[in-house]
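Mind looking over this structure? Questions follow.
Here the chain labels run A, B, C and D in written order, and each chain numbers its own residues starting at 1.
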Amino acid sequence: MTLSPEQQAEIDELRGAAQPTLRAVAPGMEKHLYSAIPVLDHGFVRVIDYMGDDAAICQAARVSYGKGTKSVQNDEGLIRYLMRHWHSTPFEMCEIKLHVKLPVFVARQWIRHRTANVNEYSARYSILDREFYIPAPEALAAQSVVNNQGRGAALEGEEAERVLRYLRDDAMRAYDHYEEMISQDGQQGLARELARMNLPANIYTQWYWKVDLHNLLHFLRLRADTHAQYEIRVYADAICNVVADWVPFAYKAFEDYRMGGATLSATALDCIRRMLKGEEVTQENSGMSKGEWREFVGVLG
Amino acid sequence: MTLSPEQQAEIDELRGAAQPTLRAVAPGMEKHLYSAIPVLDHGFVRVIDYMGDDAAICQAARVSYGKGTKSVQNDEGLIRYLMRHWHSTPFEMCEIKLHVKLPVFVARQWIRHRTANVNEYSARYSILDREFYIPAPEALAAQSVVNNQGRGAALEGEEAERVLRYLRDDAMRAYDHYEEMISQDGQQGLARELARMNLPANIYTQWYWKVDLHNLLHFLRLRADTHAQYEIRVYADAICNVVADWVPFAYKAFEDYRMGGATLSATALDCIRRMLKGEEVTQENSGMSKGEWREFVGVLG
Amino acid sequence: MTLSPEQQAEIDELRGAAQPTLRAVAPGMEKHLYSAIPVLDHGFVRVIDYMGDDAAICQAARVSYGKGTKSVQNDEGLIRYLMRHWHSTPFEMCEIKLHVKLPVFVARQWIRHRTANVNEYSARYSILDREFYIPAPEALAAQSVVNNQGRGAALEGEEAERVLRYLRDDAMRAYDHYEEMISQDGQQGLARELARMNLPANIYTQWYWKVDLHNLLHFLRLRADTHAQYEIRVYADAICNVVADWVPFAYKAFEDYRMGGATLSATALDCIRRMLKGEEVTQENSGMSKGEWREFVGVLG
Amino acid sequence: MTLSPEQQAEIDELRGAAQPTLRAVAPGMEKHLYSAIPVLDHGFVRVIDYMGDDAAICQAARVSYGKGTKSVQNDEGLIRYLMRHWHSTPFEMCEIKLHVKLPVFVARQWIRHRTANVNEYSARYSILDREFYIPAPEALAAQSVVNNQGRGAALEGEEAERVLRYLRDDAMRAYDHYEEMISQDGQQGLARELARMNLPANIYTQWYWKVDLHNLLHFLRLRADTHAQYEIRVYADAICNVVADWVPFAYKAFEDYRMGGATLSATALDCIRRMLKGEEVTQENSGMSKGEWREFVGVLG
């Protein structure tokens, strides 16, 4: 991971300067502020700011449900109750702002989560740096033979070498040409907004990304999932660790009810009831398709 | 305005306890934290939390526009530039959380602004308090005779007295019956979620409302406007004062470009050009309808 | 249910005039167009327009997943796959526009679903009609004694009569005073935007509500649920019938995976695995709280 | 522009098959359905579906404002009034669904408009086609020397040739290597989700994009503007023509109030008032910065 010297100087300055505030402070989060968490070969996640903590979730819920929440004894119990029953608005009362450096093809997946605020580095205005994601050998995966969007084992030997050579050489050449095209030494220089079109999708971009906790957890559920593409999952994993320090009760409930949980169909629930009564249930008599049955068996693991 | 003793105790406790943070702190905002700003007869606005300041707007813009923003000398200039050219995303990087107590008919207008997070007191779970908005004599306005949604002068004499008597008596009677219906003394007691339907729209509710600065300014532009209903305008005015202390550069730019500005049509701009050339422009030769012309003359004041 | 004579005339005119279109047409939906489906004592749901059908969901999915979706044999299988794996964007490609007449306290719940477009009748501009929701005897439920937001059995005898008398008399009196306050016979007349505050929450309002199918199904999952308040559930039920005619495959998948399904936590899944192995699992050794366990037993019912 | 044979066959089939519907039909729009409007060298815009027309905007507005809108004589006058006073919700009652083929760097700008529904072709699942945007000679613009994000005159002679050669050769080589990397002839074959990272930003992608009229007009205001990048502006221009045929009154009002209009600050309005009184106003005594003054003079131009 590479922070520019200016970015490092900014971090050092900011981390030196604690100020008093009357707002809610999440102690576990202060340690993350500004420090860059390395992800992939040149990327990072930095916490720029946050609002609220576990108590803020409960405070908002208690405004809604008034005396109705008094019966829940404590904050952790209340948070588990809210998560279990899909009460999303109290979790929206916490907010986080991250600075993320990431490859463009990852950014294109990420941005599909619409309920967030984004300021991305603009290659219309400014010149991109010569930084490209090149997979580590163990991440150089083959196409899955069973799944259109999945990965198989890592490539090996000559095939792996050739792929890495293509990725490296094409990126370097594309960047050389990018520089030559925009250069104004002895020529007009192509507009930046055009020249960028020559750059491949593994070039790094960066953005500020601000999102509320409810929508962040939704993002993490999809992107920290084992079916997510590895290159976005490592970002999601890094953010999971941050969230665990920020709102520990909410994160634990999220792990239990979302990450580790599963949604079962009416048909699947019925199969479980039959199985618990001792009936032999098979795909054929389950009412499920083969694909569904395979997933069902996977859940019951 | 009435804070409950519990709410006052909570404020006192929270205001006493400054903690160190590495996050951006807006000094003008710390003084507002938790303190209730009275609005109408029983309402209030309280700042519960905030994220960011004027510098945070610039920091996000500089991520986007990179070296492109270096030419703007200072933060205030950059913020004015962003506001003038409708760059909304940097303003989305600031966030505020308010606790608001307000009459239901005001809440119904307010909630139409969808890009915000809300936790409202639930009358399904809990019992509403006996607090109703009764307009002050000077706010007891007649229906405008020129405008379907406007107000005329204040009612006077017997008519004013009768209106106030109706509002007060009907509210008290409705609340008496609400209490009787839900009472479980010697009867089953009607479900709260049903009993609340007897309560008029001037009863007070309360909510936590969290919104980013861009969407807040959009709300304020519409609701602090002279055409907004007085009862929501006073909330918008109170929030304007808070925003001016929070992000003074952004607020000043907002006043110049939004609150005090005007959008002119192609036709109106053409009329101005003709007038500046010395031509006599009238409604008849302007290309505008009577209504448009009246508004145009109002803008040129 | 009461349609005004103007509304009925409009329906008659519109239903008479089929025109040719090249767009996707959902035969099951054409029969619903404009016809008002009665809900509660004076409310209704009317389909004003729709976009797309089951085939449009698949068409959009096939753009995304290209040849990847060819392996799924048919539209119904593909829709079930999309629903099971929470692919929301193809369902967003269908849209519906409804005209709904509903009590204000129902509208206040409904509007919390933010991802929709709404045009509500404005009581600032116009005068509300004298129409109030008065519960049918069987819907006049007592407060639940076990659940803060629930309902118990219907009230009976003198208590029921007294409640109905209060609701009717208070509504009539409030409306009489509303009319007197805004009247301009021999007086100035209170502004409509103020007078409306005297009206109780069981008065009817109406709006146009436009929403995509994904967000509509989310709404229906929450509001057609047995825990939803009866007065909004009857609207959700009416809309469920419309959706079943509009996109039958999507609706059937929704019933199986959402309405009839359940999300189980990691802990709950673990308990099921233990039970299937023959272990005796009780609340004490389940790792669940009493509340969770009660819900878990309910699901396995 | 290249439609695949399958796409052309689909168009031909769909255009042949008019069916009766009771919904609102916009005659000007039916002719656009499915036909691909060519944009850039390989891109297109196709109307897949639409909901509503000018009359639907008025119908929704009349629900809101009731008798208050009767005073506006006709639909066109009402639409102009709504547009002038920023009433956005009636315009949200119309919806359009487009199929768009566009270069990835254009897609990256486009997707920043969040209030829309999108299904994009997935290069995780499927293999992208060998189609790249190569600018026409007159679009091969130099970087502006006065504006960080602007364009100057077209490149000429050897410089132009060199740029085109780089763009073409790098795209072809990148695609050759993409194909070789995913090939499973005698090797494992790199996962598609990884191989795509080698492709430059001028490769074409495609998506279904569905948006309401209010948000579409906002998109068009920004992207059909002279400051927008040429490569997205040509898409916006193509859509403008479609909208003009779909909702002619709304489009005309949009042209007058948005595209041809301008928002002036309080300071600028004050300057106009002074000028109309005969005062000599210069940048120095205007209260504006040099940049603002330049823009102000441009508006009065």
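Brief remarks follow.
Note that in this section a residue touches a chain if its C-beta (ideal position, glycine included) is under 8 Å from a C-beta of that chain, and two chains touch if they have at least 3 such contacts.
For reference, the UniProt names are A, B, C, D = FAD-dependent thymidylate synthase.
For clarity, every value in this text was computed on a predicted model and none was experimentally measured.
Two chain pairs are in question, A-D and B-D; the one with more C-beta pairs in contact is A-D. Over half of the residue numbers at the chain A-chain C interface are used by both copies of the sequence.
Between the Cα centres of chain A and chain B there is a gap of 34 Å. For the pair chain B and chain D, the distance between C-alpha centroids works out to 33 Å.
The geometric centre of chain A is 29 Å away from that of chain D, both derived from CA atoms.
Residues of chain A in contact with two or more other chains: 65, 67-68, 118, 122, 125-126, 148-149. Taken in their complex, chain D has these residues touching chain B: 65, 67-68, 71, 77, 80-81, 84, 86, 148-149, 222, 255-257, 259-269, 272-273, 275-276, 289, 291-292, 295, 299-301. Taken in their complex, chain A has these residues touching chain D: 103-105, 108, 111-112, 114-115, 118, 122, 124-126, 133, 135, 140-144, 148-153, 155-156, 159, 162-163, 166-167, 170-171, 173-174, 177, 180-182, 184, 187-194, 196-202, 229. Chain contact summary for the complex, chain D toward chain C: residues 14-15, 17-25, 30, 33-34, 49-52, 56, 59-61, 63-69, 89-90, 92-93, 95, 97, 99, 117-122, 125-127, 206-208, 210, 212.
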